[in-house]
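Two complexes follow with chain A in common, the first pairing it with chain B and the second with chain C.
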Partner chain A sequence: MRIELALFASLEPYLPDSEPGSGRRTRMIDLPDGTTVGEVVARLGLPDQPRVCFIDGRGVKEDATIAGGSRLAIFPPVAGG
Partner chain B sequence: MSEVDTQRELREDLADKRVGIIGLGGLGSNVAAMLVRTGVLHLVLADFDVVDESNLNRQLYFREDIGRLKTEALADTLRRIDPDVELDLIATRVGEAEIVAIGRRVDVLVEATDCADTKALVMNAAAQHLPDLPCVAASGLAGLGSANTVVTTALTERLWVVGDLTSDVSTGLPLAASRVMIAAAHEAHAVVRILLGMVEP
Partner chain C sequence: MADIMRVNMSDLSVKKEPLAAKYAKFVGRALTDAIIFNEVPPKSDPLGAQNKLVFAPGLFGGTTAPNGGRISVGAKSPLTGGLKESNAGGQVAHALAKLGLAAVVIEGKAADPAARYVLDIDGAGNGSLMRADELAGLQTYETAAKMREFKGDAKVALVTIGPAGELGAKAAGIAFSDPKEYQNRWAGRGGLGAVMGSKGLKGIAVAATGAGLEHADKDAFIAAVRKFSTALKEHPVTGQGLPTYGTNVLANIINEAGGYPTRNFSDGRFAGVENVSGETMREITVARGGDVKHGCHTGCVIQCSRYYVDKDGKYVTKGVEYEGAWALGADCGIDDMDGIAALDRKCSDLGLDTIEMGATLGVYMEAGKLAWGDWKGALAALDGIVTGSADGKVLRDGAEATGKAFGVTRIPTVKHQAMPAYDPRPIQGIGVTYATSTQGADHTAGYSITSNVLGVGGTVDPLKPEGQAALSQGLQIATGMLDSFGLCIFVAFAVLDNPAAFEAIYEMASAHTGDTWTADDLMMLGKQALTMERLYNEAAGFTAADDRMPSFMLTEKLPPHDAVFTVSDADLDSVFDFVPETAKAMGISKPV
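Moving on, here comes the complex of A and B:
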């Protein structure tokens, strides 16, 4: 299946070198059916840090399964306030 | 319409709105004051901490507040700004369930905490359990980078993040009152615009 991946802020360098998606921080990627958010995180080698994950704009836990054609976005908040 | 009338109309439009603020440090204390000054009179304020001398460089507290609960000290200041303000004070550490409960009672939720774990906790709670609730968060306000790099970014149709997204206090960057308050002002202004039905970028 093919999905759109968006990585924000410090995660942007982890975007794979694949077909660009609809925005500057996005790429189209191919995944096996039934892939979870956590499996994408591991596959990309994202650092172990707090993050917020969305599928099609809805917050999800990392055990959520991604459907083909959807958009997975991952944002890593940083400290300070 | 006079300036006074214009201001009165804005305040009337905001008077029945409710905003929840998680974290009352450099962001939350200043966001709360700006909202009350603008006309938001119902706030749910959550922070477990007490005022420390190290907070006085950027947070809306005073030397005589040291040792007091932030909820109590901030409530006194907000009531000095507007005695009609109605405050619900939560002086305990909040988890996902409490954040969701607060979110169900307000029109907009503000993430104003200081550590990345808690920021993710608040944003995840809102995005996973309250997908229709507008939430304004902050990330990337440490250091002395240009004020112009602090912007409001839409992560989803209901979640906005204020900041440059990368300047991390845990890397040793200082927290300057000016830049923290710029971020707080962005958060407060986004909240006001959302409450008035405007569309944030």
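Moving on, here comes the complex of A and C:
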């Protein structure tokens, strides 16, 4: 299956060298059906620190399964206001 | 800190008096609240002689407590009609505290409306008023430059208003100087600049020469400071995210969550967000040689401030903060970072709150008065505020006044104050804060974005109503405490996740004052501040009907989640359930 991956802030350097997605910090990636967020994190080699993950704009935990055609966005801990 | 300086603009007298017993236990926001509660009639005219404008450093003002140099500013608000406490960084809180001043209270009103005065507070902590009519109508940075000319080489922290404040604009703020003497830190919200202007006061110069304050137990204070500083530096948000990208790092994550209000709260995502995000702003600023990391006041260890520079590397404005970048950006359909910076600078020059003015321009664009994305047209519209254009006379009073004047029904305000940069439909916890805060729609009053979106301090599903009232209540109380201590609210990110950070706050307070502060005492101070604000607002005429979302947010579905605000009225009415008990314990029932 194909999904869109978005990595922001300090995670941007971990974007794979694949087809660009809809935005500057996004790529299209191919994954086996049933892949979880945690498996993507491991595959990308993201640093071992807390993360905030979204599938199609909804906050998810890392055991969440990704469906084909969806968008996975991962942020390092950020805040402001 | 033992003295209050009372500045009477009616008879031009300046007096210092010891802090009265009824105020002795309060500092910062709680002291601001107590003075207004006890001395400003709730039904009085906010721009009249009865209103008082209070500047109060927090408990840690004048000390080395990390991030402890915030200033609390308060008055009856011309925008909300309630008690307003607006909070800013900059250098003045430390300067006042080191001169032994717990508060400066501006009272009365100059007899001659054309007169302009500057309050000069010297190195001995004595104040005097100087006539300074030549400052009339000057913009913020010009005013600060002239005041520094008056003072020669003297090291001073400055407080100023722009022409909008002099005109009585309900969106006018008050500016404070930062450590490098840029007049760019703001108590923006609620029209406090208009209160200062109504009194004839154009600026305050405070000698920044006082010595650091003594501590009851110096060794214990230093140990607690180290503990607090370590906790802030070790937390990934306060130690890495904020210092690297600044507050505007939020743009992408709030957009991802579908809560980034776009074109006057008609969409939760903005197609141009990548052009105006914190990541992009950092890239632009680094490429142009701008400063991308400093504190807004001495003693800040988070360092989320920065300066936005033009293509020649010349200072334009503060590194646009998340709220300003959103208000003057996505909410107006503007995705040009230089355009947003120009608008931010324009608001600063005129002395206007960027959040209120961005929301105002969004409403104005929805009315068809200006095209979405037209930042040059927006600059001209803002200029109209001081040149006296017919529309400018409306815009200066904010989003609600503008919406009503031009027939817009989608007006994103609560208690007459515009909502900041989080749509409360897909992020319902912040909606509870907007609805119930004594301040009107205000994100800082109870920053539920923490658990709703950022995964700090636990997780509460942002799209559901469950748990939001309790989340907001806890954060509103904690914020009342942080604002009273003079601490930046960003310390909350570490405090919520690390018990050592919370312990360090009451350990610093105990070691500094010699009194014993406990965790319960901290929360009680927050409750007391909110209780005075709440009772004041009730006496000013607010009811439960004022603690509600604008009706369009209950019915109009916001893309992409098709969300509406679903927290019940009963839940909203539960947020201030601690007020009767706290008021009883304080021995208060109604204001003056």
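Assume the second predicted complex is superposed on the first by the 77 of 81 C-alpha atoms of A that agree within 3 Å, B and C clash if a C-alpha of one lies under 4 Å from a C-alpha of the other, contacts with A are read in each partner's own complex, and residues count from 1 in each chain.
The rule is simple: a residue touches a chain if its C-beta (ideal position, glycine included) is under 8 Å from a C-beta of that chain, and two chains touch if they have at least 3 such contacts.
No experiment lies behind these values; they were computed from the predicted model shown.
Contact with neither chain B nor chain C is seen for A:G69 once the two complexes are overlaid on the shared chain.
By the touch criterion stated above, A:V60 is placed in contact with chain B alone, chain C being left untouched. By the touch criterion stated above, A:G80 is placed in contact with chain B and with chain C alike. Of the two partner chains, neither chain B nor chain C is touched by A:P16.
Of the two partner chains placed by the overlay, neither chain B nor chain C lies in contact with A:G38. Once the two complexes are overlaid on the shared chain, A:R24 sits against chain C while remaining clear of chain B. Note: residues 8-10, 49-50, 52, 54, 57-59, 73, 75-81 of chain A belong to the chain B contact set and to the chain C contact set alike, using the contact criterion stated above.
Across the complex, chain A is touched by residues 235-237, 240-242, 244-250, 252-253, 256-258, 274, 278-280, 304, 321-323, 443-444, 447, 449-450, 453-456, 459, 461-463, 489-490, 493, 560-561 of chain C.
The touching residues of chain B, when paired with chain A in their complex, are 23, 25-28, 112-117, 119-120, 123-124, 126-129, 131, 137-142, 155-159, 161, 163, 165-170, 173, 175, 180. Considering their complex, residues 6, 8-10, 12, 23-25, 49-50, 52, 54, 57-59, 73, 75-81 of chain A touch chain C. Contacts from chain A toward chain B in the complex involve residues 8-10, 49-52, 54, 57-61, 73, 75-81.
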